[in-house]
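Written below as structure tokens is the structure these notes are about.
Labels run A, B, C and D following the written order; every chain starts at residue 1.
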Amino acid sequence: MDKYIRNIYRGVYTVLVGMRVTIRQFFEPNVTHQYPYEHDYEKKRNVREIPKGYRGQLYNRIEDCIGCKKCEMICPVDCITITGTKLPRGEQLWDSMNVVHLKDGTEVIGIIEGDDKKIKSEDSITLTNITSRLGSQEVIDRLEPSGAESRTATFSGDEVSRVVTRNPVVFYLDQFDIDMSLCMYCGLCTEVCPTECLVMKDSLEGIEYSKFDRSDLIFNFDKQEMYSKGGTEDVEAAD
Amino acid sequence: MKPEEIYEVLTKQFGEAVLGFDTELAGDPSIRIAPSAITDVCQYLAETDTLAFDSLMCLSGADLSAKDEEFAVVYHIYAMQHRHSIVLKAMVPKTNPHLPSVSHIWKTADWHEREAYDLYGILFEGHQDLRRILLPDDWDGYPLRKDYKEPEFYRGMRVPY
Amino acid sequence: METTQQTESKIIELKPFADEMVVNMGPQHPSTHGVLRLELKLDGEVVREAIPHIGYLHRCFEKHSENLSYPQIIPFTDRMDYVAAMNQNWGFCLAVEKLMETDESRNFEVPERAEYLRVLICELNRIASHLLSFGTYGMDIGAFTPFLYAFRDRERLLLLFEKVCGARLTYNYIRIGGVSEIIPMEPGSIAEQNFLDEIEAFLDYFEPLIDEYNDLLTKNSIFAERTTRVAVMSAEMALSYGATGPNLRGSGVDWDLRRDEPYSIYDRFDFDVPVAVDVPELGSVVGDCWSRYKIRMDEMKESVRIVRQILAEGLPSGPVMADLKAVRPPQGEIYFRSEAPRGELGFYIVSDGTPKPVRLKGRSPCFSALSALQELSRGLMVADIIAIIGSIDIVMGEVDR
Amino acid sequence: MSDFRAMLASPHFNVSESFFPNINLQDGLNWAEEFIQNVVLPRLPEAVASHFPVELGTVLVMFACAGIFVGVFPLLPLVLVLAERKVSARFQNRTGPMRVGPWGVLQTLADGVKLLFKEDYIPPQGDRFLFLLAPYVIFACSFAVFAAIPFSQSILVSDFNIGIFYIMAISSVIVMGVIMAGWSSNSKWSLLGSLRSAAQIVSYEIPLGLSILTIVMLVESLSMSEIVASQSNGIFSWLIFRTPFTFIAFFIFFISSIAEVNRTPFDLPEAESEIVAGFHTEYSGMRFALFFIAEYANMFAVSAIAVTLFLGGWEGVLPGYDILGGFPGFVIKSLGLVFLMMWLRWTLPRLRVDQLMNLCWKYFIPIAFFNILGTGIWGLIFPEDTLISTSISCAIIYIGLIAAYKVAGRTLAQRPAPQPS
């Protein structure tokens, strides 16, 4: 009999305790977002940002791609296809651009004046021909108003954490295809890229790119136009 | 107990059936056992109090090279009480890979042996229920063999997708 | 090792003459945690036999690995136990590092900072994994709300992982010789401070919630009725079936690789290993579903403790990646096991000195634990099958590999 | 209130008569007939009126009323489905449906439209006739219950003299539909679900009926309106507070009725994590919608019955004042109970079949019998419902609750700390 009443008692008691937990949550604020409506994070409150370095869609800043095929080799699922011909020894198309990583996390793409191999902390760096990586308009915004026109900026050596040196483009690329339907977003290819032109978009475009047809997920990065123009100096950043 | 001591105990007990002790290569040293004696050795290892190997950590088949004539069946065994482990290795010929099952000693060997059968085609004699476990029942061939050629079609579906 | 006395388990007498009904539970079923298929032989509600059929998520990860170099395999280990991918990365990297250690000419040491980051991230991942397990177990038993509470809290952890490695589920963060530098975090920088502060904020938020979850579900008498004295797995049975991790500790075996075979820097931290005991007030006996579940709830607290110790010490400065030219282990073989959230995760690697492994076998904890299901479920009811599957906490990606 | 013994001893007491009295539908017909006589006929031309078939007209008016009834009441589940989704969302820190209409208020409508256009799948191996019939049986029964519920003094379809008996009878027919659905689907999950449901509903009818019996003993009537009328003296005349036993009976009634309508923690017949969806696994489209609507209609119906029987029906809190009284009061009280059901549903896990039966046969039925005994004794001691009896009853309830709370505090203090497992 004692156990009988104890059972009833424990049943009622634990149910009430559980109900207390849930009713407390009843008056807590929401934790969810109305995704497609609130995803525009300039407009709405309480929307999480996509953090820097998020592994989204692969994007190749093709004018800096030197065709080294390291990404093709490291890809575990073979989603990158590169064909091209190597130029004869001693010849090169142009040099890829410098990527300057600042300590606050921004990356600036441009051409360092002078020698980019040895950068000491007391030196200051002048970058010209600054282009922005896709989705990081903030770099352009950082520049002085005058600098925004001339696309030139100067950083002190303390600000800079890492500089990617210029590499000669010695491959004539016929094809650079990335099949995003195969990609497993491991990010290994972006790590081995010597010019850091192969990146994963850490923006909304890098996430919301679903297509109705699987074949639309094969992205071609084409360089033909640039070959005809003959250099990177006049080329704006790809759209 | 150290693996060397276990090796000595085993040679004393089983003599011929213990084929050797591999220590040259990097990593874990392993004791090579004749496949026909593997159940007896395991039984002994599990039931002797000084050894008391009560858990089979892993049982794997291995095809080390396409040129080899033999598959390896590797037993990683651990004793919770004495906290020592040992690696047993039995080499079975590729032409007729079969060896006795240890699933009655450690029940976890049941599925691990089924997996080895599924992927290597190694037959475990005395296993209760030796069916394919990961692949479909009507799959042809044993995929983890080095000389495995994947079929072109499986039930009308192209296999190399 | 102590044996636990078997107490009366709820086994219902079978009537041999009754009609038998064969039901396929799965592969598409709401609570088989993926694509497990159970062939149930039912006598009314009573299960005579439950035969698990696995392989619906088989990708032949091992065959893949034989054609990939070691760094390329790491993203594939993410896909094994996708709920606790950090721990899978780590297990694999530990095995390769251990194999490479034996070769003196290519000696290297994992930097201190990387070790701390690994422990930090993996313990957080353990919390995330156990949270998912708690939530889905509640849903299996029929309470939907704990599931969403668990996801709410797990989301905060995933946001942390996203900041440190750029992905929410398949991290590819821990690399051979250190951790990924894909998102650089300078020692002593504001980014690092923010990261640690966020972890601290999460722990402060999360720690009281464990008790709330215990109130909501663990101590609930209906939940206790459903899970206590169901599918009692004795210590011998657990060992024989190779059940590890929370499942083994739920059977009363005091065993944790982090404490008993300390790898990495676990010997520097102070934490308890929760082991199941009889809880007479709820009717729980050692080895039942409730014990296994409770171990996970307690382990979350221990993980919080470990993470708090790291936060108190602060991350050491230095590099996060060893100076490692190429990953090319010497000829030989290794079996290395580490304590993943679901138990002992072992990798058996055979190397012939080339950059690609000759043989790689992942010994997944769920695979072994799931094989006990057939014996555990005999004579129970359909609803109990669900309780068992949830309590051994399987992830089919790991079972099928 | 007359003596209970006297009722049993009276020569007029007749078992068959008191349980199967002549069902008096005449009241309802009278109303329709009066409507025709007084409203319709004077407006008709003389020639037509003299030949007007009054009986047929009466029937037609009844049908029209039934049409309004059938047309209006399905809207109730629509609201309740949305309410459930919103309430569950709140319990889980979510927002619930937000897309269709402002704050998602039209979501159920959109779902209904979607279900209307879905393929009407009938399992080819199943029993076609029963499969088609089952949803209608359940739907019809769950709505027929509303016929006897007095929403207010004037809003009730028919004031049967056996109202509560009728409700019990009709709601038990639902189990037929459930079994039909489960059997005819030719699916093992459906069969399991329907048999679980049959066992559950049949078992829980007993404590439900016994709890109602305590009320009937006190009121000495099966008529719903009389039961309400006996609670007209404010909150302390509500039957829940009339005796300590009815207080217990209310909870037994409420929990059993949760089991009757298959909601968590008693949702075994449709336990989605065990047997997929139970008896309606194979149903799709509008037939599924009928099950769904019936489920929510049932939920409201049992709440309404509980309010009628225990919480004063449409009578207010204070005699003479219309606080929580009338039609709005009735609906508010019913929705309160519905909210309580949702609260329980989103808090508790599900029982297992044997535990469900344990709870019913080992706990509820003995306690319900004890209640009947107690109520009988109470009726002997306090033949009339007086101020004294009410005060004593409330005092006992109050003391009981306080004692339980104190014991809770003590056991909590004494409870050993959670094992450091």
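Keep in mind that, in the parts below, a contact is a pair of C-beta atoms (placed from the backbone, for glycine too) under 8 Å apart; a residue touches a chain by one contact, two chains touch by 3 or more.
None of these values were measured; they are calculated from a predicted model.
Q: Taking contact as defined at the start, I'd like the list of chains shared as neighbours by chain B and chain C.
A: none
Q: Measuring centre to centre, with centres taken as mean CA positions, what chain is farthest from chain D?
A: B
Q: Kindly work out which chain lies most centrally, taking the average of its C-alpha atoms as its position.
A: C
Q: Return the chain pair with more inter-chain C-beta contacts, choosing between A-C and A-D.
A: Of A-C and A-D, more C-beta pairs in contact link A-C.
Q: Rounded to the nearest whole Å, what is the centre-to-centre distance of chain C and chain D, using the mean of the C-alpha atoms as each centre?
A: Here chain C and chain D have centroids separated by 46 Å.
Q: List the centre-to-centre spacing of chain A and chain C in whole Å, with centres computed as mean CA coordinates.
A: A distance of 31 Å separates the two centres.
Q: Roughly how far is chain A from chain D, centre to centre by C-alpha average, rounded to an integer in Å?
A: 59
Q: Got the chain A residues that touch at least 2 other chains?
A: Expected reply: 7, 13, 15, 18, 21-22, 25, 31.
Q: Where in chain C do residues touch two or more other chains at once?
A: In chain C, residues 145, 149, 152, 216-217, 220, 222 touch at least two other chains, as defined above.
Q: What chain-chain pairs meet the touch criterion?
A: The list of touching pairs comes to A-C, A-D, B-C, C-D.
Q: In the complex, go through chain C and note every residue touching chain A.
A: Residue list for chain C touching chain A: 68, 71-76, 78-79, 145, 149, 152, 155, 159, 162-163, 166-167, 170, 172, 180-184, 186, 189, 191, 212, 215-217, 219-222, 224.
Q: Going by the contact rule set out above, which residues of chain D touch chain A in the complex?
A: On the chain D side, the touching residues are 90-95, 98, 343-344, 346-348, 363, 404, 407-408.
Q: If we count contacts the way the header does, which residues on chain B are in touch with chain C in the complex?
A: Those residues of chain B that touch chain C are 25-28, 30, 54-58, 60, 62-65, 74, 76, 80-81, 83, 87, 106-108, 110-112, 119, 132-136, 143-144.
Q: Flag every residue of chain A that touches chain C in the complex, lowest number first.
A: 7, 10-11, 13-15, 17-18, 20-22, 25, 31, 48, 51-55, 74, 76, 101, 103, 105, 161-162, 184-188, 190-191, 200, 202
Q: Would you pull the chain C residues touching chain D in the complex into a rising list?
A: 21, 23, 29-31, 42, 45, 138-145, 148-149, 152, 214, 216-217, 220, 222-223, 225-226, 272, 274-277, 279, 281, 291, 294-295, 298, 381-384, 386
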